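Next, two complexes with chain A in common: one pairs it with chain B, the other with chain C.
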Partner chain A sequence: MAGSALRRLMAEYKQLTLNPPEGIIAGPINEENFFEWEALITGPEGTCFEGGVFPAKLIFPADYPLSPPKMQFTCEMFHPNIYADGRVCISILHAPGDDPMGYESSAERWSPVQSVEKILLSVVSMLAEPNDESGANVDAAKMWRENREEFNKIAERIVRRTLGIPT
Partner chain B sequence: MPVTLLDRLPMPNLRMYSSGSVVALSACVYYATQVIKDPNWSAAADSADIVGLHKEVVDLNKSNASMPDGRSMGQYVSDVFSVMIREPVCVWTMINMAFCWLILVGTAVQKLVFGELRVSEQQHLKDKFWNFVFYKFIFVFGIINVQYIDEVLLWCSWFSLLGFLHLLSQLSKDRFEYLSFSPTTPLWSHVKLLALLGAIFALSGFMLLVSVFVGFFGGFNTFAFMSAEVVLLSIRTLHVIIRYALHLYDMRQEGSSSVSTNEENRVWEKRGPIAYYTELGFELTALIIDFVHHLHMLVWSNIFLSMASLVICMQLRYLFHEIQRRYKKHRNYLWVRNHLEQNYPMASSEELVENSDNCAICWEKMESARKLPCTHLFHNTCLLSWLEQDTSCPTCRLALNIQNPSTSRIDPPDLQVDVPQPQRRQLNHFFHFDGSRYVSWLPSFSVEVSHNQLMRPEAAPASNSQLDAMARQVQQLFPHIPITTIINDLRVTRSVEITIENVLDGRLVAPAMYREPDVVPSANRPMSVLQTNCDTNLQQERNWDELSTDPVET
Partner chain C sequence: MGDEMKNSTEESTPVNQDELILAQQRQIEKEISESIALVGELEPISSLNREYSNDEVYLEKIKDLSSKYKNIRRTRPDGNCFFRAYSYAGLERLLDKKDEFKTFYKQAEESKNVLVSLGFQQFTVEDFYDTYMEVLKRIGDIVEVDDAKKTLHYLFNEQGYSDYMVVYLRLLTSGQLQKEQDFYSCFIEGHRTVADFCHQEVEPMYKESDHIHIIAACAALNTGVRVVYMDRGNNKSVTEHDFPEGCTPSVHLLYRPGHYDILYP
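Up next, the complex of A and B:
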């Protein structure tokens, strides 16, 4: 029922605005549709994405929290676990039934006790520590492994672009 | 695609179209008024063939012809109408006008209730429209196979009205789903949408009456064809209305949840199953009616090898799968619910007090809860809907032992019972041709192809009953060998003879796990069979030769 999903999303929104986690802002794009959110994630300190502010879109299914939302960065990203179109590939966004990569244990996948906050926190930690084994972006994974300097350069360019600084 | 092609066609806009239609209609009316100014028009019309209904009108006109200007207004209008209905051009103009009206009404409703349509709604609407047109075209020309233009017109007008209502109901459903995404929808838009849904429902009731009326004259089949669609429409509309009502009730409950009493909570707990069963009932009824409707079409059309029946069959297949899927889902639901009720107790009030957290699934306060073996508490309905799709505790991932034998759901790997199966098992293809069964001199031979490959655990073992029978055969000869050993060997050889030979050669004592080359067309064991068989057959052949040559010599 969309009713309980709506109530849960409202509760999450309330919690996120009352005590927001560091470096994360999230909320519905407009009040008319609580099932489409926008999030702003700041790049974690001490990593190549430091200082960047990355906008992303979250689309919730009607049976949320039984099914996971979809998350997609709306800016350009270059990261081993982010597809070229911005979709994020992390295990907690995968429903327990499907396993696209074939190696995640069900313990790492979506469960209704997860929340927007936890998703965004895991995305932050994913930005800090890419998992180069599950390559959503094979080029990025390869570069991360073999040519870290080049990767850092590209990341820096992306960070500058999200801040509107000319590269 | 035809749809995109149609999009590119220069379609006149609505204003142009409706004004054109009005002009055409007024031209026709003017023509008719000109015709009836001539006092002898009805006499001229008499000589032309006139269809039933209009004869009366004409007769009436005749009796009034003596007073040319004394015609009443109603008389005048009916005269004009009777002239117009006899002229094909005028008839088409009137039909066009009717469609124009329908489109205008649709636009007005859209402006009034929906406002600007969203992109997904437009897309849905377009898909549904073309789908409907396609299926009804097939129905009218492929199934009913109408011959006369007036029949086509009647069906067309019926279906355009029906399709109009179908589209409106689809649109309302989409819009309702969208509105339910927002907590701040103004009451006014709910009222408008519900009023529209009510109107669609009432109209579908009226159309059902019409179809009953037509059914009295047109026979049962016509009635069934007409009513099935109408009933589908009304069921879908009613479904949306009830979902809407439940949703509004939900939201109201939310508003007053701070002062919830015990009474309200009991209703709240019951709401889950009620919503589930209404959903199930409506979906299944709609699917079954649709299925029967299509089956009826297929049986009635009587042309089993036509394009139309092919399309109907495809649709039937789809509907059947839908029904099956729904049924399986329901079985799963029942299973999980029973499992839940039998194995996990409701939490006691002390436990609820002790655990002051909200339900982790819906983040709402728990007045009653079910307790899992890992002592995590959840609302009954929340837990049920989660366990329907997964079998672990949402909080700690403890695997719950819920395995529904009726569904082929993929369980998480830690739940699967480990079936002890050899990782490397030989998959043999054993071709045995026993020619002597047909004619004694035909040779018998066998070819065995064996693969060594990693078996996937779900690969089905060779049918056990067959193996058992074969093993018993072997054991009759060698009672000292345990049957499990024989079965293991039979799994590899798949042939009684070879296993017997293995036993005789002493190979069966040690389990045969050595690697064999991938393809063994004439390896040791099969070849030996081939040779022995051939030897005996050659002897027989020789005998046969002797027998056959004897008469030649004598």
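Up next, the complex of A and C:
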């Protein structure tokens, strides 16, 4: 099983290196272990996260791609769909039926023909358009809904921190 | 109480109760399901009796079933049972018919290109296709039919091979649905497109199969199936349904609510 997972992860790494999607870099932290990746995601233009470079890690299960990886930001984050400890909570990281947030039935789900690239692109869309109905961070969801100005200020501070600019 | 409060605020990682419950539920389901072989040995139909020893309705129907079929082969109830049973039974039958096997093999060889032309990304399909072809080649290369069947049985009980066979059949089924989406869209409830339906109900592992999956899988593999329904309904006999309608079925499956096993006439 782990042999098939490894082969697939190597193929995905190659694919991402040859055709990197805009604003995303991802790969194994250490080429000895293909089951732990680091990703760098650029905040999407025209959003409050614009300009930030957000590091995250992805942990793959031994039966990948039958089961999805887990993803966690390793920098400070404040976002309705990211837990306070950085774990990302979006539908593509869950198989159908595995429903911690009661996703809409039309939401994109994990299947063996999804990929790391699809996950990272979904995360970029999530940064641009938070889903405030499935709040992993309830405070962030509330502020996003009720006090956008304050939310943007926090986001700006986080962006500056990821760049090492004093806040 | 005070201590509990303190402990929970000291936790560095917030614990999501819903996730914990889901994880526990999955663990229990997994343990039950893993006590049953992916694909079991051949058993007499009468072996069903012990599951329903006090159940007149079922016992009557098992009697009817045993007038039509000699044996049953159970499969693991993990949501993949239709695909696993159908794929196994289809290949097992082809091992007796070398000419048909050759045609089937040729069609399978082409199938990856068909999927890629339908928009599947090559690198996501490749490993499943390679495993599928490896299994077909391994069983096809064995001259003695009984030895080939033993190898088939062995490979379908190796989780790695077995699950990859299931995934590939799910992808072929999805491909078939998308290729003929004008036809299949009439059978999809709600506002989902055929592609959405495939992404959510066909391609993910462990998602159970409905009529629409069966019809598309039969069309994809060009192998008709008779499904024999056995449930708590009032009639004394089991009900049969052929997919596609009017075909001469090559594969026979027993359906009990939520689960498929293989039948042998």
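Quick note on the criterion: the second predicted complex is superposed on the first by the 162 of 167 C-alpha atoms of A that agree within 3 Å, B and C clash if a C-alpha of one lies under 4 Å from a C-alpha of the other, contacts with A are read in each partner's own complex, and residues count from 1 in each chain.
The working rule: contacts are C-beta pairs under 8 Å (C-beta built on N, C-alpha and C of every residue); 3 or more make two chains touch, one makes a residue touch a chain.
For clarity, every value in this text was computed on a predicted model and none was experimentally measured.
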Once the shared chain is lined up, is A:E32 touching chain B (first), chain C (second), both, or neither of them? first
Now for A:A62: first (chain B), second (chain C), both, or neither, which partner does it touch? first
Kindly classify A:L163 by the partners it touches after superposition: chain B alone (first), chain C alone (second), both, or neither? neither
Touch test for A:Y83: chain B only (first), chain C only (second), both, or neither? second
Regarding the shared-chain residue A:L6, is it in contact with chain B (first), chain C (second), both, or neither? first
Interface residues of chain A shared by chain B and chain C, listed 1, 3-4, 7-8, 11-12, 63, 65-66, 95-97, 105-106, 111-113
Under the definition above, what is the set of chain B residues touching chain A in their complex? 177-178, 180-185, 246-247, 250-251, 254, 275, 360-364, 382, 385-386, 389-390, 392, 394-395, 397, 410, 412-414
Would you tell me which residues of chain A are touching chain C in their complex? 1, 3-4, 7-8, 11-12, 15, 63, 65-67, 83-85, 95-100, 105-106, 108-115
List the residues on chain A that touch chain B in their complex, please. 1-4, 6-8, 10-12, 31-35, 62-63, 65-66, 95-97, 105-107, 111-113
Going by the contact rule at the top, pick out the chain C residues touching chain A in the complex. 12-14, 16, 18-19, 22, 26, 120-121, 123-128, 131, 159-160, 163-164, 167, 171, 190-192, 196, 199-201, 203-207
